[in-house]
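Two complexes, one shared chain (chain A), two partners (chain B, chain C).
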Partner chain A sequence: MSYKFTKEEAAGLFAKLSEKFDIYAPIRFKDAGRYAETDIIKYGKISSFDEGVYNEKSTYPMKEVLSPIQQALFYFTEDEYRESKCSTKPMLVFARPCDINAMKVQAKIYAGNGGFIDMYYERMRERVHYALLECNADDDTCFCVSMGTNTTDDYDAAFRFTDDAILIDAKDSAFEALVKDGKACDFKPEFVKENITKVTLPVIEDKETLNKLKAHPMWEQFNGRCISCGACTIACSTCTCFTTRDIIYGDNQEVGERRRVSASCQVDGFTTVAGGGSYRKTAGDKMRFKMLHKFHDYKARFKDSDMCVGCGRCINRCPELISITETLKKMNAALEEIKKEK
Partner chain B sequence: MFNPIQPKPCKILSVKHETELEYTFRVEYDIKPDHGQFLQLSIPMIGEAPISVSEQGDGWLEFTIRNVGKVTSCIFEKKAGDVLFLRGPYGNGWPTEELKGKNVVVIAGGTGVSPVRSLLNYLYKTPGYAKSVNVIAGFKNEQSILFKNDLENWKKSFNATFCLDNEEKEGFRKGMVTTVIKELPLKDWGEDYAVIVVGPPVMMKFVGLELLKCGFDEKKIWMSFERKMSCAVGKCGHCRIDEVYVCLDGPVFPYTTAKNLVD
Partner chain C sequence: MNHDIFIKKVRLNCFRESKVPGEFLLQMRCPGGMVDADMLDIVKHISKTWGDGNFHFGTRQTFDICRIKYEDIPAVNKYLKQYIEEVEIEECGVNMASIAGEPAEWDPESGYPTIGARNISACIGDYHCVCADVNTFELARKIEPLIFPSHYHIKINISGCPNDCNKAHFCDFGIIGCAKMEYHPERCIGCGLCAKICKSHATRVLQLNEATGKIEKDPCCCVGCGECTRHCPTSAWTRKSTKFYKVIIGGRTGRQTPRAGKMFLNWATEETIIAVLSNWQKFSAWVMDYKPEYLHGGHLIDRAGYKKFKELMLDGVTLNPECLVAEDVYWHETEYRSNYNVKELSTHHHAGPTEEKK
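Moving on, here comes the complex of A and B:
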């Protein structure tokens, strides 16, 4: 069933939802962007609907709610590892289909790979309920339709914020109980049906083709272009990699924490072992590793999907204007070449 | 909720100096790993490091550690009675079933001898498990020789050749382990053999090539990989090559898989 709340009723609705949920949405940070007078929109806890930004693509992905850029794993006191604590209150997270689908991708790694369930991820995932945002923010970098991530049914309720009202389609019955004071209406969420940008996914038939593609000269052009800054993977909806780091608080050698910090396969040092040895030394090697993870290796392991939801954030964030959709085209062309050689 | 990365405090029972840079720590631990598996050792405020089990017994494990950096140097300051934090075991270990009744070849270089030590000692204590055991172990020089007592035992029971890269010493041959491979009696073994290889990446590469050149079947060779690891439970991504996670699917890989893994 669908319900309508007027602007005047919004505060009451928010208060009611807050009793049950911590509410998260994209928030604008003014002038915090990379260039003068540009903003950053990233996820955080909101205390009124007005704080959320519902009609623009967030600079950073929703994943940060579940797997923050940095988080404490253990606190050290004397000779003890004390697990970091976390609230158990359910969270309501406003998110678009691409970001919701990205969580399915992340879960395959965090909550399954090798039979190990990451406790820090799982305890957040158990809290999460999605409030679907219709996507009205697609730009020429988005290609969710090509990736099949433009729709989802993984949400408690769909929301539409109009100039004078909030429309809600409650899918989950427990959630519906919270909003049934609203006036009945016939709102149904709409999904993006077509993007300006479309991609053809590369087909890599066997190991031989894969290794030929790895050796293809196409990757070398990134040596001059990509500066290995890692902005693309930090902004990525699906990237999961992290590094574990121990830190000491100030001058006190006795207390500190073990911390998890986002890491990037694009940045030097990702593979460095004691003695300084490392793999994938050039920017081209690193780009190849990232692209093949997203469009071959992940699927080879987990079967269901590729490791990209077509959100385009990597394109938006790259200071060198490197576009993943253009790189996909180059991969397809290289694969054509490899096929002809056979 | 179960936390797979929660380390457990464990008491150090003894510390043995193998070389100036390599010590063997015997640590209290209840779980029995498979030969070739590793654990995450840590010191609060410093960090974690993946370390192979070099020997195991009732209620204890041994780790032979090379002092190379932050975590390892802090471990080197520990004495018997001190505490180390452990979690694991992780990884797959050596294919012990594949070795049963076979002519087993073990080729190891330097610190690489430590992940095969518990396996070799098991074969030493279990005559008949393998048809024959052939060990080729190489060290850089006299100062870097590890596990002197074990080497003595292996020499007695196995067909063993020990090498020093470029030094003369009684009981050792001067030269690389690769030079010994052609002397193995492969012709007498028919199909009945299995080879395991562990050591620095260059050593493993050349050993692999030499084995193939001498007619060994790539399907009967296994290698242990070392990659940067941060979690050891398939989450952090540091150890991944293609669709393979070295911490989960390795560190031991059949040569047929290993040769296709391009970093």
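Moving on, here comes the complex of A and C:
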């Protein structure tokens, strides 16, 4: 059933939802952008609907709610330790279909990969309920339709914020109980049917082709273009790489905290191993790794999808204007070349 | 040609005499170096009708039109009315019927009333530039009414960031946009890119603490350029919304004692800059004994001495709490002639009102 709440009723609705949920949404941070007088939009807990930004793609992905950039895992004192605490209150997270679908990818890595479930991820995932936001897909960096991530049914309710009302389609019956005071309406969420940008996913037929693609000169251009800052992977909806670090409190080596912090395959040091060895030294090597990881390796392992939901945030965030969709085109062209050589 | 022209009067009208007797160069003000491109039609019309068909970008971002005949100046001034109204009055809110803040008659068809306060130049600033911290031409447009029209000379250069492409270090009153950064350690992944960039592009105030994976900063020496913020992949560095400025005074070129300017204010807000510059007319009048003689702004500072300059320019100003002020300034000049300033006492310049006016 669908319900309508007027602007005046929004505060009451928020209060009611807050009793059950911690509510998360994209929030605008004015002037916090990379360049002067530009903003960023990132996820955070909101205390009123007005705080949220619903009609604009966030700069940083929704994944930060479940797997923040930095997270305390446990605290230690001499031979004792205690896990970091986590609220058990359910979370209502406003998210677009691409962000919700990205969580399937993240879950593959965090909860089940190698037969291991990451407790810190799992305890967050258990709390999460999605409030679907419709997407206007008016940005030519989006390519969710090509990735098959433009629709989802993994949500409790769909929301539409108009100038004077909030429309809610409650899919989940427990959620419906919270919103049934609203006026009945016929709102149904709409999904993006077509993007301006479409991609053809590369087909790498065999190991020989893969090796030839790896050795292809197309990657060399990134040595002069990419600055290996890692902004693409931090903005990525699906990237999961992290590192752990023990922080010692003050001068007592026995007291401290183990935390995990996001890592990036693009940043120096990512492939550094004991003894100082390092692989993938050039920007081109790192870009090749990222692209093949997302559009070959992940699918080879998990079969179901690529490690990309087409949110386009990596394109939005790249300071060097490198486009992942154009890079895919270059990969396809290189594969054509390789095919012809055979 | 037989001419009898009061050149100084024509110059005050922003027409500069040519090496060809009877020909003049018009300098059209362009505060902050930014105007609607429609204004180019006016520039073109003046040049094609009364000039030689060319225009030159003045070194201070004026539209300069050469070879205007003395006889045509009244017609040019009449035509300039629209340009002055749009650029000076509408964009900048200048009171054209004033000189140095005092009411003065001005005929809208008489062209520019003074040449003393020079065009405020600016880099493109954060309207476009990836490095910039502030909007430069908007600031120029706010300052324009404080300094113009006035016979007192001042050159103001505005740079959008401490890279100082517009050479705030080489004018009387240079303004450099900067920013105060905020560090959000919970977003920092310890990649160290900010520290690397700060080392190679700025004042190397950042260091990656390998033990914590977080950044340590020496805040005292941060130049406020924002390169850390520009390069941070996670927005662990952000600019505070308040815009800040450095003010560099007394820089100049010239035949005698060129020098780079020195810092007068650091971390001044726009309100502080406006308040300080509001004292410029009073300061200049005091130094020149209320006679608006042509003398470069930097020389006014020299004649008064830095401490007197500081006293008069900060008179009645409430500085923003972050603002730092130079207690003293030690100039480093290029003396084309050694001991240039050592000369007969009787030839030394005087600053301030004469005895009877005190």
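We take it that the second predicted complex is superposed on the first by the 335 of 342 C-alpha atoms of A that agree within 3 Å, B and C clash if a C-alpha of one lies under 4 Å from a C-alpha of the other, contacts with A are read in each partner's own complex, and residues count from 1 in each chain.
We take it that a residue touches a chain if its C-beta (ideal position, glycine included) is under 8 Å from a C-beta of that chain, and two chains touch if they have at least 3 such contacts.
In this text, all values refer to a predicted model and were calculated from it rather than measured experimentally.
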{"item": "Partner chain in contact with A:A263 - chain B first, chain C second, else both or neither", "value": "both"}
{"item": "Residue contacts on chain A - larger count, chain B or chain C", "value": "B"}
{"item": "Which superposed partner A:D156 touches (first chain B, second chain C, both, neither)", "value": "neither"}
{"item": "Which superposed partner A:R301 touches (first chain B, second chain C, both, neither)", "value": "first"}
{"item": "Which of chain B and chain C A:P319 touches, first, second, both or neither", "value": "second"}
{"item": "Which of chain B and chain C A:Y60 touches, first, second, both or neither", "value": "second"}
{"item": "First (chain B), second (chain C), both or neither touched by A:D31", "value": "second"}
{"item": "First, second, both or neither for A:K42, with chain B first and chain C second", "value": "second"}
{"item": "Touching partner for A:Q70 - first (chain B), second (chain C), both, neither", "value": "second"}
{"item": "Touching partner for A:C229 - first (chain B), second (chain C), both, neither", "value": "second"}
{"item": "Overlap of chain C and chain B interfaces on chain A (superposed complexes)", "value": "245, 247-248, 263"}
{"item": "Interface residues, chain A side, partner chain B - complex", "value": "73-74, 76, 79-81, 83, 109-110, 113-114, 116-119, 122-123, 207, 210-211, 214, 240-248, 253, 256, 258, 263, 265, 270-275, 277, 279-280, 285, 289, 292-293, 296-298, 300-301"}
{"item": "Chain C residues touching chain A - in the complex, by the definition given at the top", "value": "126, 130, 132-135, 160, 179, 185-193, 211-213, 226, 229-235, 238-241"}
{"item": "Chain B residues touching chain A - in the complex, by the definition given at the top", "value": "1-7, 9, 44-48, 68-69, 72, 83, 85, 201, 226-228, 230-231, 233-238, 240, 242-243, 245, 247-248, 260, 262-263"}
{"item": "Chain A residues within the chain C interface of the complex", "value": "29-37, 40, 42, 59-60, 68-70, 227, 229-231, 233-234, 245, 247-248, 261-264, 267-269, 317, 319"}
